[in-house]
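Each chain carries a letter (A, B, C and D) given by its place in the written order, and its residues are counted from 1.
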Amino acid sequence: MADQLAIGSRRGLRPALPLLLPAYLWLTVAIFLPLSAMVFFSFMTDLPLAGKEWAFTLGNYAAFFSQSLYSTLLFASLRLGLEVTLWCVVIGYPAAYVLAKVLKGRSREAIFLLVILPFWSNGLVRIFSWAMVLREGGILDTALNAVLPFKINIDLMYSYPAVIIGLVHSYVPYMVLTCYLTLQAIDDSLIEAGRSLGASRRQVLWRVIIPLSMPGLIAGAALIFVPVVGSFMEPRILGGRTGTFYGTVIEDQFVAVFNWPLGAALSFILLAVVLIILALAAPVLRKAA
Amino acid sequence: MRMPRLTAFLTATAVFVSAFTLAAQAAEEVHVLNWKGYGADEPWAVANFEKATGFKVVNDFFNSEQEMLTKIRTNPGLYDVVMINAAFNDQAMAGKLIQPIDVSKLSNYADIAKDKAGSPMLNHDGKVYGVPWVWGLTALAINEKSFDKPPTSIAEMWDPAHKGRVIIRDDAVEAVQFGAIASGQNINDIKDMDAVKAKLTSLMPQIKTFWSSENDWNQMVASNQIDIGTYWSGSADRAKTHFKLPVSLVIPQEGAVAWLDAFSIPVGSKNVAGAEAFINYMIDPKFYVEWVTKVGAPVSANTKAVDALPEDAFNRKVMGSPDVAKRIQFQAPVTDEQREKYLALWQELKVNVK
Amino acid sequence: MAGVQVANVSRSFGAHKALDDVSIDFADGGFYALLGPSGSGKTTLLRQIAGFDFPDSGRIAIGGESVERVPVEKRRIGMVFQNYALFPNMSVADNVAFGLSVRGEPKATIATEVQRALDLVQLGKLGGRKPHQLSGGQRQRVALARAIVTKPRVLLLDEPLGALDKALRVDMQIELKRIQREIGITTIFVTHDQEEALTMSDRIGILRDGRLVQEGPPEEIYDRPESEFAATFLGDANIFRGNATGSGIKLPDGTTIAASTGASVPAGAKASCAVRPERIRITTGAAKPDPANANMLRGQVSKRIFAGNNSTYFVDRDGQTLKVIVQNTGAERLAEGQPVVLSWSPDSTVLIAAA
Amino acid sequence: MATTRILEGLGRFYIVLLLGFLYLPIIIMAAMSFNASPFYQLPFEWTTDWYQSLWQNDQLIAATWNSIEIAIITTLISTVLGSMASLALYRYEFRGKKVLQALLFPPIAIPWLITGTAMLIFFFGVGIGRGLIAILLGHVALALPYVIVVVSARLQTFAPELEEAARSLGANQWQVTMRVTLPWIMPGVIAGGLFAFAVSFDQFVVSYFLSTPGQTTLPVEIYAAIRKGFTPEINAVSTIIIVVSMALMLLTARFFKFGGEK
């Protein structure tokens, strides 16, 4: 094991700096410093503008704990994030596998690009279109009734499933792509070796392929779970009256009542919870790998 | 669509931060601050005004009252005319953002309905701080396909027959005020919040979704997804006449929320004469008729302007009827504390509906 | 080409001492094996020589030039990795050409040199293939060609044959040796396979827990191991432990074993004797005392393993099991349970001072 | 072998299903750009009016060009800087590395609304102000975490011996990176770039905050349009963009095989 230590990474921050600095300086100027200002605001009673009175307070954070509304919504948002992530794994991973291991040649590159392309359209226009599909008398309803011999009413619009569908649609490409990147790097001979050792397809999948593609799965899951927990647009538009989530409450604080300090405090609580979940999940996932 | 409010907020923020970039202003220019697409920026109107007076109009827009206040607060001296909802006039005056208007310079001022011109919201210490322009209602609108004859009561929204086909605006203040009307209270002095809450709680299961822009409403009707919901009077008229949608406005017997928009002159205006000329032009019957005909507009505060409309015009026949005038309640200023309280209630209702 | 001097090199990873004051002199043109169990520090030492890692203390010189602070790319070495590390995006020829091309050699020179190197490893016709289209042995040869085409001063091999199957490995051992002779390059390779070390190298260094245990030609280490570890790690040995007598040792039960090679240990000190299994004669019944095989013990056969050209007998003697290897010459086989006499010469017995 | 064939067929079928799911709203978006009703009303009435009025809509077209320009520059910068940072995080072991990795998540986790507000206030405070530079600053920062996460996922599959082998052959750091590492992580870099483009191209909040009055971007125009009355001109311009980029991408895929052999 001692020999292993020497392999791979080199030590020291200094040689890494020239590569790291540009990106992190950029992030510092454009994200970290501004967000620090927001952290500052989150401890204020009011915004320091136009002669308004303000003082330091912990009240904005205390609000989260004093009203069960916020924790209920945060829990609902976490559940939403988890469900969307799971659906993305279920739908995206097999697609990534087929792309990386079944399809060969140029069609693979083309499909890879086709998977990303919907991303380049406007998010709001996409959601509008989903409304077309999901509502009663919409595309899905009409199509199913045209095929099925009996009459059914499909009205998924303005419901929890509609939110899930919209979010999965928006985020599944992340999963396909990150998994594709790691799956495509797995040498086919490893799979053959697994098969030659008498493992069934399923065993090879569980014991060879999935562990080796774990970095992609983890990256994809993080890129999906994290923004979904804070999302507000899809829940609001597709969820109708059931579309209130933690993200929409934060949005309200900023947009409807101009209470930035409370909105900022709620966001940082969200950030802390998400980071804790990632930190707890990472070792478990890594062990699975 | 959620977006208008979001957009409003964004603009507000952007403006407040960049407040100090002042443009140099020529004396003959009139800087007008108003909603986008709200009469004052109609190209034909601007052209007519410029031809008649020689002043040049420079339009700027806001997307929410908060943004409007921020803009005049952070750009002293930039604007000459600002359109302020009467409910916010008080706040603007208290913040020393607007100045008294010499109404003797406005030839059309005398024709303004007395109740509007004399509104305590626009007059302070005997001085006029706002010239009433147009007014409208937040009432009910129905999908004509779903009703043989229009309902008359707000209770229609609670009718189980419309379960899942009711729509209301995603706005805490408006929702609470509607709850007040439904529970027989004064929207500006809600005594029994529990009754409001109970009313709204029982309404929630009826609701399909929340709307936030005209476009939402019109789409929902166009795809026949709703029967009834809250709507703005001007928008309902536009949906019917302009977009040919099966929409008609209902002013329930219990009442409706009315709002009044007025023009003010900010403190520090460099062209008060131009401002007065512009405001006078805005309340002129000729402009109003053209606005209604070409675009569709709310009800003018100028009685002569309304009388200049055809007999059967919606704004004259329906909105002008004394019966309606009795039922409506004009919206008074809402304090920040009330706003927060309403939002908390509204959020609680939305969470519990899940 | 050049020799490599490693002097007093130490390297720690946290609390773990991967190399502890190691000094070895690799003379020019020799073929060296670094042998040791996993975790012994042999790969760390190789990586120090290569320049992937720098020593905490000590000196490393290549061709007399001190390099312990010189990065890999300036050391002019060639290296073959355990998994070959062929560039997957390049063809075989491009892989081999890489070192020359980063140096900015003219295209024509590169082409000639690459072809020569590929011919040398007998892959002259496969230059256009991609690495994943090659067999394990072929990949190994490409890696070798790639490492030597730049005419490095030293060739470093990290378990180069570890990934090959047994038959292929023997072929490659011969091949590697041939190529090394042909170009005469100083070669250092790391292995945990004692047979590989014995058959291929001019000298062997045995490492254990970061320390150099013994260094020398294979015969010398085999015949005169200086520690029980060296005796048992390189080849097989029967070890007897007791107290030194001046000419051998005395076992706890009083038996003496004479030894005429190995360390000199003062009488009375703890010491051990090592005897290779193939040096022991095994006979039945009473054997005549024989001055040439002065050491004699009695025991009982507990097991016999037949391996074609020879057989291994396990003989129980007073709680210890001794190993004896006998060539199968057609003579009578000994049955399990049969009492036997073991005898061997003091010349075949190495005296080892207790650690 | 027969099962393999069947599985392959199933795999292809599955990909078709997935693409169907992904493109369903896109197809509807395109269809509605040819429908007469501005409210997506059915029955469908064919028209090309929206394309004609789009042609007259200088503001929308100008905003579209701005968006494309900004997205391309953002993609280039964030891909280069992000790949560099990923390499450093992969190659070197140092104290605080975990912190640097964790720092990538705030930009993703905090709703853009808050990040955008914070950016605007801060940029104004330090004198960067608004404008093209500020928009770029913001977009690149938002895209960077995506690029780094995606490229890092690909790097995890890279064998460090390859870099060592190249160095042992005399290649310097630059040569190692350009000739060995980069070709291997290229699919990740390209995917990261495509993400960066998408993040910038669909970015509304930050653009809105940081654009100066004359210079807006397409999403800003779209959101503004919803207030005044949404028209399918938006669908028309989105459809044109999708069709053009699809053509460009397929062309790229044809001439540039970036997946590599392995």
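Definition applied: a residue touches a chain if its C-beta (ideal position, glycine included) is under 8 Å from a C-beta of that chain, and two chains touch if they have at least 3 such contacts.
Chain-to-protein mapping (UniProt): A, D = ABC transporter permease; B = Spermidine/putrescine ABC transporter substrate-binding protein; C = Spermidine/putrescine import ATP-binding protein PotA.
All of these numbers come straight from a predicted model, not from anything done at the bench.
Trainee: To reach chain C from chain B by way of touching chains, what is the minimum number of steps?
Mentor: Between chain B and chain C, the shortest chain-hopping route counts 2.
Trainee: Per-chain Cα mean versus the mean over all protein Cα atoms: which chain has them closest together?
Mentor: Per-chain C-alpha centroids ranked by distance to the global centroid put A first.
Trainee: What's the chain with its C-alpha centre farthest out from chain C?
Mentor: B
Trainee: Can you check which chain pair, A-D or A-B, has more C-beta pairs in contact?
Mentor: A-D is joined by more C-beta pairs in contact.
Trainee: Taking the mean of the CA coordinates per chain, how far is chain A from chain C in Å?
Mentor: Roughly 53 Å separates the two chain centres.
Trainee: Measuring centre to centre with CA averages, how many angstrom lie between chain A and chain D?
Mentor: Chain A and chain D have C-alpha centres separated by 15 Å.
Trainee: Based only on mean CA positions, could you tell me how far chain B sits from chain D in angstrom?
Mentor: 39
Trainee: Going by the touch rule set out above, which residues of chain A reach two or more other chains?
Mentor: 7, 124, 131, 187, 251, 254-255 - these are the residues of chain A that touch more than one other chain.
Trainee: In chain D, what residues contact two or more other chains?
Mentor: 40, 113, 117, 121, 161, 223, 226, 260, 262
Trainee: Can you pull out the residues of chain C that are in contact with at least two other chains?
Mentor: 52, 132 - these are the residues of chain C that touch more than one other chain.
Trainee: In the complex, go through chain A and note every residue touching chain B.
Mentor: 49-50, 69, 72-73, 76, 124, 131, 135-138, 157-158, 233, 236-237, 240-244, 249, 251-252, 254-259
Trainee: What residues of chain D sit close enough to touch chain A in their complex?
Mentor: Touch residues, chain D against chain A: 7-8, 11-12, 14-15, 18-19, 21-26, 28-29, 32, 40, 81-82, 84-85, 87-96, 100, 102-103, 105-111, 113-115, 117-119, 121-123, 125, 137-138, 140-142, 144-146, 148-150, 152-154, 156-158, 160-161, 187-188, 191, 194-195, 197-198, 201-202, 218-219, 222-223, 226, 234-235, 238, 241-242, 245-246, 249-250, 252-254, 257-260, 262.
Trainee: If you look only at chain A, which of its residues touch chain D in the complex?
Mentor: 7-13, 15-17, 19-20, 22-24, 26-27, 29-35, 37-38, 91, 94-95, 97-99, 102-103, 106, 108-133, 139, 169, 172-174, 176-178, 180-182, 184-187, 212, 215-216, 218-220, 222-223, 226-227, 229-232, 247, 250-251, 254-255, 260, 263-264, 267-268, 270-271, 274-275, 278-279
Trainee: Given the complex with chain D, which residues does chain B contribute to the contact?
Mentor: Result: residues 1, 3-4, 6-7, 10-11, 13-14, 17-18, 36-37, 63, 213-215, 218-219, 221-223, 243, 245 of chain B touch chain D.
Trainee: Give the list of chain C residues in touch with chain D in this complex.
Mentor: Against chain D, the touching part of chain C is residues 50, 52, 71-74, 76-79, 81-83, 85-89, 98-99, 102-103, 130, 132, 146-147, 150, 156.
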